[in-house]
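Single-structure report; data block below.
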Amino acid sequence: MSTFGTLFRVTTYGESHCKSVGCIVDGVPPGLTLDESDIQPQLTRRRPGQSKLSTPRNEKDKVEIQSGTEFKKTLGTPISMIVKNEDQRPHDYSEMDDYPRPSHADFTYMEKYHLKASSGGGRASARETIGRVAAGAIAEKFLQQISNVEIVAFVSQIGEVKMDRNPFDKNFHHLLNTITRDKVDATGPIRCPDIEKAPLMVKEIEKYRGQMDSIGGVVTCVVRNVPTGLGEPCFDKLEAMLAHAMLSIPASKGFEIGSGFAGVEIPGSKHNDPFFFDKDSNRLRTVTNNSGGIQGGISNGENIYFSVPFKSAATISQEQHTATFDGKDGVLAAKGRHDPSVTPRAIPIVEAMTALVLADAVLIQKSREFGMNVVH
Amino acid sequence: MSTFGTLFRVTTYGESHCKSVGCIVDGVPPGLTLDESDIQPQLTRRRPGQSKLSTPRNEKDKVEIQSGTEFKKTLGTPISMIVKNEDQRPHDYSEMDDYPRPSHADFTYMEKYHLKASSGGGRASARETIGRVAAGAIAEKFLQQISNVEIVAFVSQIGEVKMDRNPFDKNFHHLLNTITRDKVDATGPIRCPDIEKAPLMVKEIEKYRGQMDSIGGVVTCVVRNVPTGLGEPCFDKLEAMLAHAMLSIPASKGFEIGSGFAGVEIPGSKHNDPFFFDKDSNRLRTVTNNSGGIQGGISNGENIYFSVPFKSAATISQEQHTATFDGKDGVLAAKGRHDPSVTPRAIPIVEAMTALVLADAVLIQKSREFGMNVVH
Amino acid sequence: MSTFGTLFRVTTYGESHCKSVGCIVDGVPPGLTLDESDIQPQLTRRRPGQSKLSTPRNEKDKVEIQSGTEFKKTLGTPISMIVKNEDQRPHDYSEMDDYPRPSHADFTYMEKYHLKASSGGGRASARETIGRVAAGAIAEKFLQQISNVEIVAFVSQIGEVKMDRNPFDKNFHHLLNTITRDKVDATGPIRCPDIEKAPLMVKEIEKYRGQMDSIGGVVTCVVRNVPTGLGEPCFDKLEAMLAHAMLSIPASKGFEIGSGFAGVEIPGSKHNDPFFFDKDSNRLRTVTNNSGGIQGGISNGENIYFSVPFKSAATISQEQHTATFDGKDGVLAAKGRHDPSVTPRAIPIVEAMTALVLADAVLIQKSREFGMNVVH
Amino acid sequence: MSTFGTLFRVTTYGESHCKSVGCIVDGVPPGLTLDESDIQPQLTRRRPGQSKLSTPRNEKDKVEIQSGTEFKKTLGTPISMIVKNEDQRPHDYSEMDDYPRPSHADFTYMEKYHLKASSGGGRASARETIGRVAAGAIAEKFLQQISNVEIVAFVSQIGEVKMDRNPFDKNFHHLLNTITRDKVDATGPIRCPDIEKAPLMVKEIEKYRGQMDSIGGVVTCVVRNVPTGLGEPCFDKLEAMLAHAMLSIPASKGFEIGSGFAGVEIPGSKHNDPFFFDKDSNRLRTVTNNSGGIQGGISNGENIYFSVPFKSAATISQEQHTATFDGKDGVLAAKGRHDPSVTPRAIPIVEAMTALVLADAVLIQKSREFGMNVVH
């Protein structure tokens, strides 16, 4: 369905050619300072070709809060937000509509809904993510208020050009400890904070653009200052909710947390994260963080970090041999010029989904505090 | 929480030292032939050191259906199943209880619940998965009945010993098309169907056992004969539900579907799965299957396949330098001998969680068929 | 929370002084013919002083579909609808804001949210129901398509003036079998189809208007052509969902189905509904219908009928002795002139909530049909 | 489905002729003192003919906690409870099975599930309520701990014999303020605290027993010491959740809160509950309580009170003219002797469902307290 979360809950709507896209965010605690200026920056970062927070001139994808705030404070009631679509008309039929686009949602939507919408797999459109980003911005503001939570995502791989994201390497953890959105955006639209790799990634993208092709990439995300105790044992482990959230983003193909796939080669004696008492924070911490900030499904207060691969964009600017809905072989014509890598644009979406997972986990954990304070 | 699914829904209970573990499965369609013999085989496979379906002698972890069936048919009402715990007494205090075990759930459970249970992170115990496996067996029987769905998981990596799981390789897809549980179990407890790699994996495990250490691995799973149209656009994409399910399994650290992480290096022109009309099945199919059987979050009828890394077991048979709950440095003594690799035992759990996701998706999609038949 | 339903699901937003009110309806089956003209009539009926479906001139509360339809067909994706608020500005402070209005939500909202919104209990505002009525209109259209379901609510009591709603009386069942919305609206804004009682009810209302007071009433609702098998045993019995829906309407104070409160005085031998075979419909039906169309929580195909009392409006045009938020005794001044009876306006809301319950139950029951067709 | 609640959540299982009945209670805060002795009393009260808490000799319906507690403390993990069925075998076919029992669930279960279970409408059996009562006892203990909440239900009507439950009468409120379970049970199995009416009610029941017939009744319930702020605006108003809960109890036909149906005849000027500052409790309270402790869907701290009618038992000890499943007219033979009034046995079920609604509302409201403390 189109709803995510239990207590901090977003419901999105909208596809490419309807009047508007947006969402309702329910369960936002009352009294939080909030207006559109808290939400617009991430929406702007989501737009194609944008990177700086500071270029709202000639704004598109402008969000309007409909409800749930008064005098720039949340009321505790549902917050509805809308962003108007510029192109609101379903397009006319063209020969290309005979073809389900390869690796798109056209075919599967037809199998699911048994009808052909103008925009093919309508909800598979990237515009659907606008509602998520808007909702995530509210979640993020809430998390900042209660625990100074910081969420920063960045591009760590484009095609074969990879940043080192070895969890057993101190440099990687230094990066995770210090990276900021400003540093990410400082490298321009590529959004890779590694100043050596960033230009190589740009080159990689340009190569595929030249070939009228596309290329994939990986987004890595870190969350700092996470309260301990978030997440549920069993089905709703914190990493399970994060994986759910990440795999719900269009074009994502996976998820790994902490040491991830690479970690399986490291024996337990090295992979385990031993504890020590940290005088600065006056609490138990772990020496290493191969767990990625979550143990037994519950946050331990260390950095949460994870990576998400995004496939090469399915829409490409060259011909493709394929078949029509009716089963006839043919060639799907090239159409316009397309962004050869959508990975950098996924950054604010990854951040938003992360914030939504954490805000919900915070509210759920809060509901248990009786046990600690009263019942004992 | 301890509930998974919307219409086909399991709720589990139980930890290591309580009276029993088990589950309630709600939403199972009525009229399905079912008794304990449908459920016990996977529970037996879940037990340590077991591999063959055919050794139920001297059975442990014996399941008892409490409700929801009559004369070996499901009634449509909730099916409760219980498995008794052998060791039902909370253990006595020992010095080891002063230490939160590294990379275990002891510390995070304390942060979450503010109390110290006898079994530390109780619900993080592998025994919790018994309820899942029992529920999954029912889901699987249902899926077989309606569409002959086949779910087979196998070990594809132990430590540095890897089977080739290159999605661009025809041999890999041949394996996915033909692998059966019998073939998986034929290689013994290692559960790797590659007869060259299997003994090397066994050796790898033995190496770490000799070092009183542990080692991780990867489980790969394929689902054949999946109906088209399963999964929801937006948040509950089929791969998002699978990722959620897999990351909820203890010790899992990631998930990748179809081409996964490797796929980001393949340009769109090669990565896209073109369509062709398949005369045998009389429907549109894809030439390649880098999508892993899901496009836009919805199943396209091709094989669904994905991989899940499991970390090296946190419980090891050697001393560990760490700290007590109170923050004192110390050495957590070695305790007994432990299984150096839990990956092979994850096989039936991965299969069960897969079945639960798919059965729920089937029921949800079924509820939409008005649109197709009546409303048009 | 602000979401209702499992598969056919509405989420509403908005309060009195925000930009707009509205909803997202998720889970509407694809292919249903739908545009604003299906929705506006009930919204118009919901407005003060309206009764005829045919007076859309100078329309207010005009609904705009934002998403989920194309060429007047539903896509299967979420349908967002908005209605603009005319008065979008939070009002200025007045002395009256010192007082929580008696029997309003001002005090309880303050206890819940710990802040004072301009519109007091904002979501308790009747404007919140606009989203419900819009969503209900879609549910109703769906129900008509699949089973010609008819839902008609009417005023059966105002103050001490009561229509006979004795479930053991044939005349009452004749009324339930034949009442239509046209007949209900034919009596004008009072919406009572009993042409003798209707003018007495109008008089009753006028009496209280003259006294600057208010008076309550009862709404009775019948649903015809309900498919059998709807509703779940145990917690989500169909009557439980209806009761939940009805008690969620502002100012409602109760619910009774079938013989209701009066039925407890009738012995089982007379109260039981015996079966007979009905040749016209070629199925088993019941001779009487004290059950109100639901047995064991599941619809039996007979008329569903129930009644809902609405309290006398809390806002009255006379002074009230009460206390301020700060606990000081005082007199809350009279303010303007207010509608002495809101009961007739509840009609379309009762119909909408009924439709939402039934549409969801239909989808859930549909998901079970495997059991019947395939598994047996 | 068989699950109730969002954060404090019960899932029940079981029917008449299966091995056991019971439930899983998820979301119970950790650290609560709990063992079987907290649960058994209400289960014992639920059994036929029982009234005193103090007769556990020769116990039947004995509950066993399976999980979720250790050393008599809750762990925060799911608490599973089971009660064995004495008669575990599906009964043999008899001629009576040809007939759907009038006003029972036999016919509707057949329509829903398309199969005939041995026990007819299996989950419609009163045994299903055992899981609810067990879960409710835990909820109640939690509520007592955090706010000394008291929940007392009693029989207020049997057939035509009624206690006065006029909300505008001070005597009624005195009763609500002072009634205890001991006082309720002091009148014996009739459970009516009015010592004049109780014997008349017993006589009424005896009359119908003599006629091999049955008779209905009304249960009234009061909740004292309810925290303010519980319940959600819009769909999940506290009274809507209570109505949902009450109408989910077998044989219930309605619900009214506060002034209920009678209140519609009282003008707003008298019906409104004005505020005053109560020095004893140092907070705003209401002079009258026609609202029944809930305004705008949210608890205001006054007594919550409501009434629920239960129909005359459908199973009677006399012949009934009706039809077979196949549509043939016939006479359903009388069978054994049956309890002519089930109303008194509903008392602990009403109390349990009330506790479940409130415990869930408390946890949900707790999750919002950030807004109050931190964000402002």
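Structural remarks
By letter and in written order, the chains are A, B, C and D; residue numbering begins at 1 in each of them.
Everything that follows uses one rule, which is that a contact is a pair of C-beta atoms (placed from the backbone, for glycine too) under 8 Å apart; a residue touches a chain by one contact, two chains touch by 3 or more.
Please read all numbers here as calculations on a predicted model, not as lab measurements.
Touching subunit A and subunit D at once are the following chains: B, C. Between the contact lists of subunit C and subunit D, the overlap consists of A, B. Here B-C and B-D are compared, and the pair linked by more C-beta contacts is B-D. Chain centres here are Cα means. That of subunit B falls 39 Å from that of subunit D. Chain centres here are Cα averages; for subunit A and subunit B they lie 25 Å apart.
With centres set at the average Cα position, the gap from subunit B to subunit C is 45 Å.
In subunit B, the residues that touch at least two other chains are 1-3, 7, 12, 30-31, 76-77, 112-115, 122-123, 233, 368, 371-372, 376.
Here subunit A touches subunit D in the complex through residues 6-7, 29-33, 74, 76-77, 142, 145-146, 233, 362-364, 366-372, 374-376, going by the rule given at the top.
For subunit A in complex with subunit B, the touching residues are 1-4, 12, 99-100, 102-105, 107-109, 111-115, 121-124, 128, 157-160, 208, 211, 213-218, 228-229, 231-237, 239-248, 250, 253-261, 263-269, 271-277, 284, 286, 290-292, 294-301, 309-316, 318, 320-323, 325, 327-329, 340, 343, 365, 368, 371-372, 376.
Contact residues of subunit D toward subunit B in the complex are 1-3, 7, 9, 11-15, 17-22, 24, 26-27, 30-31, 64-71, 73, 75-80, 82, 90, 112-115, 117-118, 122-123.
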